[in-house]
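Below you'll find a set of structures to go through.
Here chain A shows up in two complexes: once beside chain B, once beside chain C.
For the complex of A and B:
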């Protein structure tokens, strides 16, 4: 057959492109659901709450991150609504006083230091600037963990070092040293 | 249909490899493998937990910079300075010091105590303090006063304090001006106002960053000082107090001795003449220090500073003795506090003063310093484990009192040198730091600064317990501005043997973090100065 070699070569190229673009992302990430089907929309919408009602900065400027059970139990010691998710949360966590093992989408590797206080209080950035519309989601999407590195897939979505540097350059924050973020 | 050949397989593989290059797979695998390797077993990682900020002061040098420590589960994971007061590369990595593998953690404490007790009644005992002016220094002086033949030896600077704001030309004879000499933030702020002339045989870090480097011959520093004095005396008809030998150091002879061009020596002297000059040296050679008197720097760029208050009962203390004033062969027991070090005495200056078969005990975290000559090296806490006060920095015109409070616990076998020596001399047990803070508070002078909220409160309105609490939480006492004349002894060398410590010397003397030395050598933190 004429051009057989070319077809064999191109078929290798095409199969590799398909596997690399379509198959690889499924293979590299392991998906798992969050332990509780939490709705941000219920809390920020009808509940009228703001991000920093739960995700607070401590008085010393450090970020408290995901609220601990004690904070949730402040409102949900007894059911406030009639959903199955809330009942499951109260029975499974609040009543037995068991902390929820949330998987944190935006958790960076241990050698990265991100001061929320400096960005939110001093620079005046909104939470959505980095976290998108996470605060308006109905349900928590599955957490995708990289099978090799063990980190969340989300750290590659707008939270890479290149993103940080680009934003700093855009806002004229020059003279960045490694130690500014890598402590 | 044609059979699949080996050639087809290779072509297919080559096509696949070429195709893969244009997919995210290989690039992501490279990144993921790197991230995976960061989490191999055995690689230390701070535990996840509550993050808190604590304030303290860096005790690595007498600059005593304010430190903001980020702690996870009470474990410091990063240190940084405050706004406008950056930490040097050493300070940034200070929290790694306790974990250095070369650190001394055990020592024969009981044997050392027994050996000292056996000899202290009939031998002269001396304490060598490498960071005088601390509360521990006062304890040593009181302890030596309580012993029948006690000496307090200190690596004390003949320059009481420097006002860098007034300096227009700084002539440094090997002093590490940009390499650990002053407070980084103060030097950084003043650097644009003064011209730095570094006279040093080697191209040190300071020499590299100086406005002018004078690469003079090794050992010809005093000759250059006398040559400059000669030009000043001739051109300004001044300097009656200067050694008469300066008349013999004409520019031509000085040029011959130092290897510098004659015209350059004259030009440097003329540059210093208009005022605002400051002359520093790595060792306190009198010829060099006295240039300051000739240039009118005393009470101008060299200023006096009030003493930080101490309890009245402490005044019955042994005087500060220069090593040269101690009779040869007289010291039977030498105790060296090497736990903190700002200047040091070379061993060849100490050795002649020791009696035959001396007992040398050093308090240190490493055997790399005087531990090489000591019979006992007793382990001490290191920064940031130690509780100690930091004397005012050389470039601070006001008296200060700051505490380095522990961020992590010291190992069980660590000795507190001041407590050890106080017990040895039979001083009553007391918390000397608390006694001193009470004395400062009762003086009513100055203000108390807190870094957490950036406030300054007059001391008069603060209760003793609150004063103590704020200092322990990273506060700083600063004396009220009240200029005092420099003492008559200023710029008259107390001990020519004392050598100022550079950061390179600190690296050589004791365990330092590998990250710290890498940062120091390679980062632009130091160059920013």
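For the complex of A and C:
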């Protein structure tokens, strides 16, 4: 065969590229399930709750993030329904007063300063603008953590610095200093 | 929230050299304790109190303490123009000279260019004694080895003040909410802070006061730190007249 070495080389390149392209995203992220199979849909749908019923701004303007067990126990001190998940949650966390170690999909690197108040309360953005339809999900998908950086994979789904800058430029909030969003 | 030009006034006549500002600064800004092997130039002190004297002996000897920090120069800050990475920026909204550790490549041109020696290089990765990491300030990200850092007027407190304003439903921050740690810690109120563009602020008034001066004014760096002393020899040191050796502690 005339070009044998060329074919061998090219197929090698293709295999390496394919492995890198398809395999690397799986190899780089470590996947772990959330401690409790929480359904947002049950709460926002039939429960009729809104995002800020649980994810609140504190009086000093800072964002409280995922509520503490105390908030859940306010309703779930005893079972409200008959699902096995709720019973597990009450027996495993509410009764022994053990905080749930949630993994936060949208957790940003430590040098990022993101004020929820300025975006939600002042600018009037909806939660879905950045978090998508998270409030309608029936189950919590596994949390994927970058093995090298330790960051959540979800940051690459609309929560990168490029996404922040694009939105700010679109709304004419340009000319910003770096330290406006970094700390 | 535009058009601010934050500045500081430091009354040298009131400074007792206690060093409370230095401690408060390091704690607020997550500056780790100096590791073993750190020398005078390798340690990190965004705020540093220097003892300075008039160079004479015996009864003629007079000395003062001069708190030194980034002088927050104007638009033509020397560190901004020499940085090859655009890692230093004069914030258009506040006038604060900010340093971005993520962009810094560690060349230290800015340290050579700074006439005030107010910039510090991270020779080591930050490390805190076991348990002390719990005292870290969540509003300030620790810096990594190989980058330069300096005073940024406690920028984390500016963020917090803005959040408090949002919490109240206000668009402007309450000046009382944004006070750097050194200002808060000074027991003699020698350091004051405020908006130089606001003629009613105590800092803007102190800047106009007689006996007020800025360090190395002849360089044209337009610092936003105004010192004050009623004594002529102290003001002369601030000018660093040619041919006179300055004495630093």
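Simple rule for what comes next: the second predicted complex is superposed on the first by the 183 of 183 C-alpha atoms of A that agree within 3 Å, B and C clash if a C-alpha of one lies under 4 Å from a C-alpha of the other, contacts with A are read in each partner's own complex, and residues count from 1 in each chain.
By definition in this document, contacts are C-beta pairs under 8 Å (C-beta built on N, C-alpha and C of every residue); 3 or more make two chains touch, one makes a residue touch a chain.
Only a predicted model underlies this, so the values are computations on that prediction, with no experimental measurement involved.
K.L.:
Assess the superposed three-chain arrangement around chain A: do chain B and chain C clash, or do they fit?
P.N.:
The answer is clash.
K.L.:
Would you sort A:29 into first (chain B), second (chain C), both or neither based on which partner it touches?
P.N.:
Neither chain B nor chain C is touched by A:29.
K.L.:
First (chain B), second (chain C), both or neither: which does A:146 touch?
P.N.:
Only chain B; A:146 stays clear of chain C.
K.L.:
For chain A, which side has the bigger count of touched residues, chain B or chain C?
P.N.:
B
K.L.:
Please work out whether A:57 is in contact with chain B alone, chain C alone, both, or neither, and reply first, second, both or neither.
P.N.:
Once the two structures are laid over each other on A, A:57 reaches chain C alone.
K.L.:
Between chain B (first) and chain C (second), which, if any, makes contact with A:8: first, second, both or neither?
P.N.:
Touch partner of A:8: chain B, not chain C.
K.L.:
Report for A:118: first if it touches chain B alone, second if chain C alone, otherwise both or neither.
P.N.:
In the superposition, A:118 contacts chain C only.
K.L.:
Just chain B (first), just chain C (second), both, or neither: which does A:102 touch?
P.N.:
After superposition on chain A, A:102 lies in contact with neither partner.
K.L.:
Look at A:16 in the shared chain and tell me whether it touches chain B only, chain C only, both, or neither; answer first, second, both or neither.
P.N.:
In the superposition, A:16 contacts chain B only.
K.L.:
Choose the clashing stretch of chain B with respect to chain C from the list 260-268, 296-304, 314-322 or 332-340.
P.N.:
Here chain B runs into chain C along 332-340, and the other listed stretches stay clear.
K.L.:
Just which bits of chain A does chain B share with chain C as contact spots?
P.N.:
Common interface on chain A, chain B vs chain C: 58, 60-62, 110-111, 113, 177-179, 183.
K.L.:
What does chain B use to touch chain A in their complex?
P.N.:
2, 7-8, 11-20, 22-25, 28-29, 31-33, 35-36, 38-39, 45-46, 51-53, 70, 77-78, 92, 452, 519, 523-525
K.L.:
Taking the touch rule as given, give the residues of chain C at its contact with chain A in the complex, in rising order.
P.N.:
So the residues of chain C touching chain A come out as 89, 91-94, 96, 98, 100-103, 139-142, 152, 155-156, 159-160, 162-169, 171.
K.L.:
Across the complex, what residues on chain A touch chain B?
P.N.:
Listed in rising order, the residues of chain A that touch chain B are 1, 4-5, 8-17, 19-21, 24-25, 28, 58, 60-63, 109-111, 113, 146, 148-151, 177-179, 183.
K.L.:
Mind pulling up the chain A residues that touch chain C in the complex?
P.N.:
57-62, 110-111, 113, 115, 117-118, 121-122, 175-180, 182-183
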